[in-house]
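A, B, C, D and E are the chain letters, set down in written order, and residue numbers restart from 1 in every chain.
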Amino acid sequence: MKETTGQEDLLRGIWRENPVLIQMLGLCPALAVTNNVENSLAMALATLFVLVGSSLLVSLCKRFIPGEIRISVYILIIATFVTVADLTLQAVVPEIHKALGAFIALIVVNCMILGRQEAFASKRPPGRALLDALGTGAGFAIALVMLGAVREILGSGSFLGVSLFGPSYEPWIVMILPPGGFLTLGALLLCLAWWQERQEVKVSG
Amino acid sequence: MSEGNVQAGTLPPSPEHTSSFKMISSLGAAGAAAGLLIVLVFGVTKEPIERYKAEVLRLAVSEVLNDPARYETLYVTSDGAIEASVPAGTESEAKKIYVGFDADGHATGVAVKDGAAGFQDIITLIYGFDPTSGKLLAMKVLENKETPGLGDAIEKDLAFVSQFEQATPPLAAVKRSTGAPGEIDAITGATISSRAVVRIINESLARLRAPIEAYFSQASAREEALP
Amino acid sequence: MNASHRIVTASPHIKAADDTPTIMWSVVASLAPVVASAVYFFGPSALLVLAASVAGALAPEALLGNRGARSLRDGSAIITGVLLGLTLPPGIPLWMAFLGGAFGIGFGKLVYGGLGQNVFNPALLGRAFLQAAFPVAITTWPAASKNWWALQGDNFAFPLMSPKVPDALSGATPLGLMKFEQTSTPSLDLILGSTSGSLGETSGLIILVCGAYLAARKHLEWRIPASILATVAVFSAILYAIDSAHYPSPVFALFSGGLMLGAVFMATDMVTSPVTHRGCWIFGVGIGLLVVTIRLWGGLSEGVMYAILLMNALVPFINRATQPRTFGALEAESKP
Amino acid sequence: MPAKPTFRSGVHPDDAKELTAASPIRRLAFPSEVVLPLQQHTGAPAKLMVRVGDHVERGDMIASAQGFISSPVHASASGTIRAIGPWPHPNGNFETAVQIEVDRYSAQMPRRRLVPDWEELSREQTVAAVQDAGVVGLGGAAFPAHVKLSPPPDQVIDTLLVNGCECEPYLTSDHRVMLEYSERVYLGIRIMLHCLGIERAIVGIEQNKPDAIEVMRSAAPADLDIEVRTLEAKYPQGAEKMLIKALLDREVPSGGLPGKVGVVVQNVGSVATVAEVFETGLPLVERIVTVTGHGVRKPGNWIVPVGTRLRDLVAESGGLTDDASEIIFGGPMMGIAVANLDTPVLKGTSGVVVLSESEAPPKEHYPCIRCGHCLEACPVFLNPQRLGNLAMSERWDEMVDHHLMDCMLCGCCSYVCPSNIPLSQLFGMAKTALRRRPAA
Amino acid sequence: MGELVWIFLSAMVINNFTLALFLGLCPFMGVSARVETALRMGAANIFVLVITSVTVSFLNAFILEQAPYLRIISFIVVIASLVQIVETVIKKVSPTLFRELGIYLPLITTNCAILGLAIFQTNRGYDFIEGLAFALGAGAGLTLALVLMASIREESELASVPSIARGMGLVLIIAGSLSLCFMGFAGLLSSS
């Protein structure tokens, strides 16, 4: 594995290896709960908590985890943090917990988290694992908030619940429905690809 | 993609063999630690969570029973009897109802939570029913995934919701009500959702009306006998 | 003998007369009577809505299409625009019609690579998007107006803003009346088209005649409308025979809503229908069954659009499953 | 009118046969030069037997058959061999050819030859005589006639089908042969039945040639089990497999030859040539060629020495018109366009069609719109739409899975394609690519 | 009976697991390039979903009543081990079936659809039979979505898709369109 600096570890996940937009990981929550910015933020924070917690723990305990059963141990650790997050959200912000529903529990199977444990945290010191988890979590949060913003603005005419266009705005309800999730992310990827192509043309031309 | 990561992960990175004792003990240790942490957090959060749930229920019940002084949770068993508690293990067969009492201790009505399929998914609602007058007290939709801006009006449209106050079941969802008792004007463009609400209440009452009425007549008989 | 005159091409050196633009434009031409009847029934609003949806369909095709302005000449985007317009209520704000056309072409056609590559009928995909985005506006049928010149609704609502239709009469189409109020509409009104509904949901008779013309010119696969209509007729006749009080008559099922328009002009879109004859029968029967299912047991009063789109999604699978048996292949297999 | 027997699918192009259908066959004057490529048939090229400077007489063998599936080449005119080397060939390449400067003022009367009496010969000897005469299928594919006449022993042949369909538009040479040489056709059928050792023959003629049907019916000999049947006029009715399906309702298995279903198919032109061989003793040195199309001034049917250059043929037909745009060897559906006027007429050249600009206007290509017309047209029930898409992505192996090898390149799919996608050209390319690829 | 049919149809088309609930997106995006693969993946999914449903009914009835806070952890652990055991058994008993399904089984364990099924089944309080109907519907829905997606992707592989839409962009837009189509099933069987 190539050596990287701490800065790289932090920044990599935010954009260049953004889990949602580039690696297409963790799509399930990215699409399911992003019908408004508030839910997106809550989901992103919960995921960040689980990711940071389990990365730290995995990195700290990596010497005691036998290779053969490490995946099971990772899942156990992740599931523990998810349960903690689930209970905490339920106790502290019950309204948001209700809106996110089962998708908080489904953070367990977010491939992104398991992927970071396997690919990074299990091989690096805790400091690096923390940076990587923060970066990846931030990247996840950025993608979720982007999706949530587009969907809330078009689908409800508001941002974080604040009305943007006045009462006579006709909301595009489809955007907060499931097709809107797929279409928004699809369109976002098209824009990204278009932008990248333009960059390449600029570089080569 | 994701599977690739997980797949790659299943290849053992360390050549040396680990004894099964070590594996089991580390798994056991991890499991124990996880269990401990979870129980700890659960202990801390249990109280606020249950408080919130109880508060939500109390609000809903008091809304559909017009602010009773207090309410009691009772169980309607599968054979139609109403009990204050049921033996453990049979909760799922019994139906919970909430009976409201006024300050004098008179039973004023009963709130029932029920649900069924709507336009998109299950609609859950709670309604208050006064068996003495045979009229509904109110209806409140607790959960729905109906079309935003259209079907979800069953929860938000006050003109629709208020129709249930003092309506006489069995209800009927109609396009333009003629004033007959039990007629509910369906929401324009959300006929299916409106009908679902009406159907949930009708079917629920069809099942529960007789036991509830029996319970209330007994209760009033008791009251009359008491003083 | 001037050698420069001569060309060398691959065989065959002669060609059948019809090319793709001819087919497309003849579909456009055959839509003219349908458009005319829409204008006759709904007044200038019909023309405005159609113009907006056509403009919406043409804009992305011209701006983003990989064949640029050349792709406008083949007429396919105009068909999409006109067909989309015909599925809209006359009073819909023009910006919505435009948006529907642009979505249909942009996300329903151009992302797949343009003409011939798309999976879903772009007009219907645009309409499905509008249905999901603006469920109220798209089911707002204006009350009949005496004045032909009067607009049928708030056509000129400011872009992104809600239309203002004070005395809108929602769900008053024959299908809506049937589903939600158990009221039938006289068959003659249905066949001639003097009912409330979307622009193209009017005269089944005119649509049938136009379809017959196209089928005669071989620009339309007659098997598709035939199997759709036959399936709907048979299925509803069976139900009607079982319980005539609850289920509508087959005539009502055939001539109400967008079934005629869908069966003749939408389902037959060559790009999004199967290539094999057997596939066409399966496709048509599937649409017929879905239409009746959605209309009678679904949450919507009209299911033609979703039925066609769902079967569109199945077309690649149908094509795979109905590959023709190659000449001589069976016998070759039976012999060891 | 009851429906005529035919096969499923196919196309109905405008046959344009009226241009030459009524023109009697005339003999073309000997050109100053003939060019004889060694590859004029399906199979191994013939082996050269002469050198530059040799003098040859009309009918002399100048190249011998090389193997069983091969055919000898004979000098089609008396003259001196001027050169042997690459020469433009109708297939578009340059192929080895023998260039003969034709003797001037020569009457071109061949020397007296032994005319074998086929009734005295055994089946094998008759077939050998047909091979020595260099007879190949004159319908276009130029498959050596003797190969079809000696089926492998495990195949039981019961019927000889004589192909008088001439389903290619424009061409009328077979039509004229049936009108003018019906007796010769029947003699040829007798000889072939003798070669095959069978009794039954069926002549299939498309219904757009009622006069030929009439003549063939009235000329049919009473002592033979021969039937003349009318077929629907549809392209490619004359393809062997389609003809067998239409006349006998037998389906030749995929990848197999007609012998598998007990049938031998011969073109009427080949049948007449076989008869001629046993009438005159002359091998195949001339053939009947239709020169037609709106790009040529005087269309007609000609008896032409094999090897006559296009230049001479066109000049005899009054030259090209100003709007002549494409010259095709063979019919317009499967023929090959040639640009070089030095290209010679071969044994298999049934016609030369010169299309004017109005007949073959340039067509713009559009993307496939999946109309399914090609599936409707394909006579062997392939899915040209999918095959075409695969060909454009160069996915040859998947094309084989989709039965590419059953495609006979008849061109029906390209003909009907409203988007003008050159489907059959793509399939030809795919087949070539697969052939060239080293067997893995 | 009608209730069971609705549960089945709801999971299959009205609230299709993949197209409306976004569950099982990983295989939907990753293993949907070929129809044959998609079919096998779908079959494996149905299989695991049914096992999960049975297990969850059992867990809910006997263990989690007492300790609801262990829900997530016990679901994931029990399901993963069960699939592992089933995989080993299949490998021993029927190598053919293992070849058909085997490689997909471990992938499915980390699939949201499985855990999603477990959680939804618990939240909605489905009993054993209802849970089975739910699992079968969810599996059928996943398979349907997978096969539709795969056949469409096979088709568009031959199309001249613009460079910016190649890959996941187009797949997501197809998924969105399918999701739009499936909205047509809304209200099925609950309208009368």
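Operating definition for what follows: contacts are C-beta pairs under 8 Å (C-beta built on N, C-alpha and C of every residue); 3 or more make two chains touch, one makes a residue touch a chain.
Because the structure is a prediction, the values reported are computed rather than measured.
Within the contact network of the assembly, the step distance from chain C to chain E comes to 1.
If you take chain B and chain C together, the chains in touch with both are A, E.
Looking at contacts between chains, the pair that accounts for the most C-beta pairs is C-D. In this assembly, the chain whose C-alpha centre lies farthest from chain A is D. The central chain here, found by comparing per-chain C-alpha centres with the mean of all protein C-alpha atoms, is C.
Relative to the C-alpha centre of chain E, the farthest chain centre belongs to D. For this pair, chain D with chain E, the centres built from the Cα atoms lie 60 Å apart. We define each chain's centre as the mean of its Cα atoms; on that basis chain B and chain E are separated by 28 Å. Note: centroid distance chain C to chain D, computed from Cα atoms, is 48 Å. Distance between chain B and chain D, defined via averaged C-alpha coordinates, is recorded as 84 Å.
Counting only residues that touch two or more partner chains, chain D has 367, 386. Along chain B, residues 1-3, 6, 10, 34, 38, 41-42, 119, 147, 149-150, 192 each make contact with two or more other chains.
Shared interface positions of chain A, i.e. residues touching 2 or more other chains, are given as 24, 72, 76, 79-80, 83, 87, 111, 114, 173-174, 177, 179-180, 183, 186-187, 190. By the contact rule set out at the top, the touching chain pairs are A-B, A-C, A-E, B-C, B-E, C-D, C-E, D-E.
For chain A in complex with chain E, the touching residues are 24, 27-29, 31-32, 72, 75-76, 79-80, 82-83, 86-87, 101-102, 105-106, 108-111, 114, 174, 177-183, 185-187, 189-190, 193-194, 197. Within the complex formed with chain E, the chain D residues making contact are 367, 386, 389-390, 392-393. In the complex of the two chains, the chain E residues touching chain A come out as 19-23, 25-26, 29, 69-73, 76-77, 80, 110-112, 114-116, 119-120, 123, 163-173, 175-177, 179-180, 183. Within the complex formed with chain B, the residues of chain E that make contact are 6, 10, 14-15, 26-27, 29-31, 69-70, 73, 106-107, 110, 124-125, 127, 186-187, 189-191.
By the touch criterion stated above, chain C contacts chain E in their complex at residues 66, 107-108, 110-114, 116-117, 119-120, 125, 128-129, 131-132, 179, 290, 293-294, 297-300, 303, 305-307, 309-310, 312-314, 316-317, 319-320.
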